[in-house]
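Here the chain labels run A, B, C, D, E and F in written order, and each chain numbers its own residues starting at 1.
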Amino acid sequence: DEELYQDNEIAGVVTGLAWTQVGGEILFVESSLSKGKGSLTISGQLGDVMKESAMAALSYLKFNAEALGIDHRIFQQYDLHIHVPAGAVPKDGPSAGITMFTSLASIFTQRKVKSKLAMTGEITLRGKVLPVGGIKEKILAAKRSGIKEIVLSSKNRRDIEEIEKHYLKGLTFYYVDTVDDVLKVALLKEKVKQPMTFSLTESRLQPQYNN
Amino acid sequence: DEELYQDNEIAGVVTGLAWTQVGGEILFVESSLSKGKGSLTISGQLGDVMKESAMAALSYLKFNAEALGIDHRIFQQYDLHIHVPAGAVPKDGPSAGITMFTSLASIFTQRKVKSKLAMTGEITLRGKVLPVGGIKEKILAAKRSGIKEIVLSSKNRRDIEEIEKHYLKGLTFYYVDTVDDVLKVALLKEKVKQPMTFSLTESRLQPQYNN
Amino acid sequence: DEELYQDNEIAGVVTGLAWTQVGGEILFVESSLSKGKGSLTISGQLGDVMKESAMAALSYLKFNAEALGIDHRIFQQYDLHIHVPAGAVPKDGPSAGITMFTSLASIFTQRKVKSKLAMTGEITLRGKVLPVGGIKEKILAAKRSGIKEIVLSSKNRRDIEEIEKHYLKGLTFYYVDTVDDVLKVALLKEKVKQPMTFSLTESRLQPQYNN
Amino acid sequence: DEELYQDNEIAGVVTGLAWTQVGGEILFVESSLSKGKGSLTISGQLGDVMKESAMAALSYLKFNAEALGIDHRIFQQYDLHIHVPAGAVPKDGPSAGITMFTSLASIFTQRKVKSKLAMTGEITLRGKVLPVGGIKEKILAAKRSGIKEIVLSSKNRRDIEEIEKHYLKGLTFYYVDTVDDVLKVALLKEKVKQPMTFSLTESRLQPQYNN
Amino acid sequence: DEELYQDNEIAGVVTGLAWTQVGGEILFVESSLSKGKGSLTISGQLGDVMKESAMAALSYLKFNAEALGIDHRIFQQYDLHIHVPAGAVPKDGPSAGITMFTSLASIFTQRKVKSKLAMTGEITLRGKVLPVGGIKEKILAAKRSGIKEIVLSSKNRRDIEEIEKHYLKGLTFYYVDTVDDVLKVALLKEKVKQPMTFSLTESRLQPQYNN
Amino acid sequence: DEELYQDNEIAGVVTGLAWTQVGGEILFVESSLSKGKGSLTISGQLGDVMKESAMAALSYLKFNAEALGIDHRIFQQYDLHIHVPAGAVPKDGPSAGITMFTSLASIFTQRKVKSKLAMTGEITLRGKVLPVGGIKEKILAAKRSGIKEIVLSSKNRRDIEEIEKHYLKGLTFYYVDTVDDVLKVALLKEKVKQPMTFSLTESRLQPQYNN
């Protein structure tokens, strides 16, 4: 798996960190958009908690669309698919939340994700980042896979401080409180080489603004 | 969790009180609105009873929309998401009913929720507030977390009176019979700093009023 | 619970009688309408039989709408929610059928329900009232809660006659065969103080009457 | 149950015969129509086989609508509800098929059903009537309940012939092969006293006939 | 069952062969069309595999509609119901696939099905006919029921050759590789006596042909 | 099964390799399109993982439609059915992913699939090809069935190298990293003999291009 995505030329692919019975693992969250009617498909044998993470990530992205320069009509006129290979491995838990959010932000903006970067952390509906478990095992797996930078909840800082120094050599850590902070680190300004072009229709009814 | 929301600058976030096998806990109900078609998403590993509480809270809010100055078209033209972190912890029971209602009232009006305030109580479909259990444990958890004011059903008054005085020091209690009373205490007149602006389309058909 | 609804100023709230392992209980059926598209939500941890009772009650109300002066467009242009607190207590069985029907009749007409009145009985799709069990326990619970009048199926008359007289003191019984008879007793002509005003759109296509 | 429907003044109510562990029983199939969008609701704690019977009966009625003088737009512009009291008693099996079909034919035509008539038999999608079991017990229950005429599949004739004569006294039997034959016996030409008036809109697009 | 359909005057009824624990059986697949919106109902207590057979048969028929002279708008403007009596007998397996396909071809074209003909074989999505099991028992059941001609996959030829000759007397076998071959044998050119007349609306948008 | 599809004249049929308890097997993925509204049907007793593979394959095809010359309106105006015979055999796992993708590419372009070619490999949402298990058994089954060329993930190269040479005689292997590479090998430029003609309506609203 480690060599699956060696560059960051594909929008919507972000490296996460998982914890399993047999140690840490890296995983990839993939997102894809295609013309449609706003449907959401989630695949990769994900459990309930992980599916709910995806939904929270999507809701926060929609709420924050304007700030990210995302045309709101894309949510209605494109179908979104989120997948986490390998397809036969059951996965669950909230710790892929910020990875999913970053994947969504990348696919909707067509901006590159920083390479050799991984992340782990729960997302709340209002964009807070909560701490998660299995930090030591995840860090070791990240290092093994050639990751250089890692994004974590600031409440996981103490878990890092408990790891022996030599294991952390060559790794840079970013401690965040919000997913806005995650994007400052992980989402580059630059678009991918062949960015998708969104074809959007006018909405039928003229909106009026009120408050 | 205690420091998750230290201010009240985000609309739709309200502190509730939960009771678990190992004592009381505070929890946060988060609500979010995004342009859509009136769908409702509920997440956070909530059980049937808690989901039904959310639906009762929403129905009462819709029934009461005019009194709160909420444009009814928002219910049809925005999608609502209610989430209760942490995402992996199963939660159930009716006692988050008034917390959910206050969260909805805040997100739909963009008004601030009073800070350092927590609440617990079941909501009925017609806006009554019913008493709930685990009061002592919940009060201790609230105090530990820096809560200063607590809203309860008036039928829980006797549960408070049975708690030793020194535990209650520094806490103010509001006993209520209806969720209208809850809002009088919990929902400030002031809007949040950057209130969401709702973009609404005319409904297509001219309404006629009759009775 | 007994003091939850001390007056009858709220439309759509009707007192029913339930039978549990530990004796009789009163319960409240609450109904609520809000602008929508004709959806039906049922909550309160109701079992299959009780949900089907609600659906039979609604179908009979729709069939009988004209006789009750209900504008048929309300069924298409408003959402209906039926709830039976307390939200965490599982409830089942057919005996709340006529209570649900009366609740619906009240919310759709905005007419008051007679106060200090309770009822128990199964409803059929064509508006018949069938007898139910647990009559003695239900009567005792009603009396304890301050109920003065009780509506029952005429086929439950013999169950009342088997109860010792002194238990029945202060109670008036109405024996009915149809839910039309139930409404004659339970639904007052007078509307509630602040009746809801229904805002209805014309249906798009001009109806033509044929037979 | 026996006295529930003593006359035949209500359209859509037909008497069927059921077989239970403790003997035969009569049951009533009730149908109701109300303005809507063509939805189908089935209630009365019916099992899968009995629900499928209802669907086969409805499909055959739609196929045969013209012959019965039913305006096809009713199927699209009215909601149909089929209920079998008592609501708490689980029921299953195919033998109510022709009873359901007769109930539907009556509610859609507003024609009276013959009184003191009961029936039992499976319906196929193309309107054949198949034999069913428990005939002796069903006949005894019918007689006990005051039924005078009974409709059966011609393939159940031998089951009747095996019953001792004196049990059959006062009963007339009709043996049928198709549900068209059932209606010839069971559905009167006369409409019920206050027949429902169907209010139908034009269909939007001009049909063109081809073959 | 054997005498259920003695002639072939009803479109959409085809005789299949089933294999059960207690020997072979004939069964009838019935199809029915009524004005609607293109919905599909499958009944007769069919298992997953048999339901999927029906869906494969329908997809192949749609793909092949033009060759059979079927107006494609029927698929959108009529509802289809497939039923396999007896309604209470659970049925499963892929061997009714070609029977279902022939039933669909007959109901959509209103052409007669050859009488005293039965068939058994799995259908694939592209119209191939796969061999099935229980051939000997099925043949005996067919003969017992007065069937004269039988359609089978050519890969079941060897199963027939293993049956003792005298059992096959009076039976003609057709070995096929595709469902197109099935129709050549089973579907007569002649329409049923009173063919259904399809009433179709124009599709709203003018199609343009491209490739 | 081996002789089911002896030529490649039918679009949408691709040979895959499966691994079962009793050894390797070839299987056929079949796809079919018919006029409709963009629905997806998956059949053949497929498990969750295999269904998710189909969905990932379809999403990647939609994303890549322009490059393959597929008119995007087909996805909205045609229904897609994917089936894997034999219908009664349960199948699961991710290894049919690239077979499904090739089947979809063929049916949507009406281009021929190379004959005597088989493939096995997981597809990710962004079109990567992941290695799968059971390679030796699958290769033996392919050879037994007359397959001459096989497409695999480049990460399965070492599994081939571990197989004794004489087993591989007469087989050519293609090692790929992406499904684009799969199509270069498997999908011929030439269309099938009687290619389907897609009849498409204009989309109602004039698109505007922005980014």
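Everything that follows uses one rule, which is that a residue touches a chain if its C-beta (ideal position, glycine included) is under 8 Å from a C-beta of that chain, and two chains touch if they have at least 3 such contacts.
On a predicted model such as this, the values are computed, not experimentally measured, just so you know.
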Starting at chain B, fewest touch steps before arriving at chain D: 2
Required minimum of steps from chain A to chain E, each step between chains that touch: 2
Centre-to-centre distance between chain F and chain C (centres being mean Cα positions), rounded to whole Å: 58
Chain D-chain E separation of Cα centroids, rounded to whole Å: 29
Where chain C touches two or more other chains at once, by residue number: none
Successive chains around the closed ring, taking chain B as origin and chain C next: B, C, D, E, F, A
Residue ranges of chain D touching chain C (in the complex, touch as defined): 4-5, 10, 12-13, 28, 30-36, 41, 43-45, 71, 79, 81-83, 85-88, 195, 197-202, 204
Residues of chain A touching chain B in the complex: 48-49, 52-53, 55-56, 59-60, 62-63, 65, 72, 75-76, 93-94, 97, 122, 124-126, 128, 130, 203, 205-211
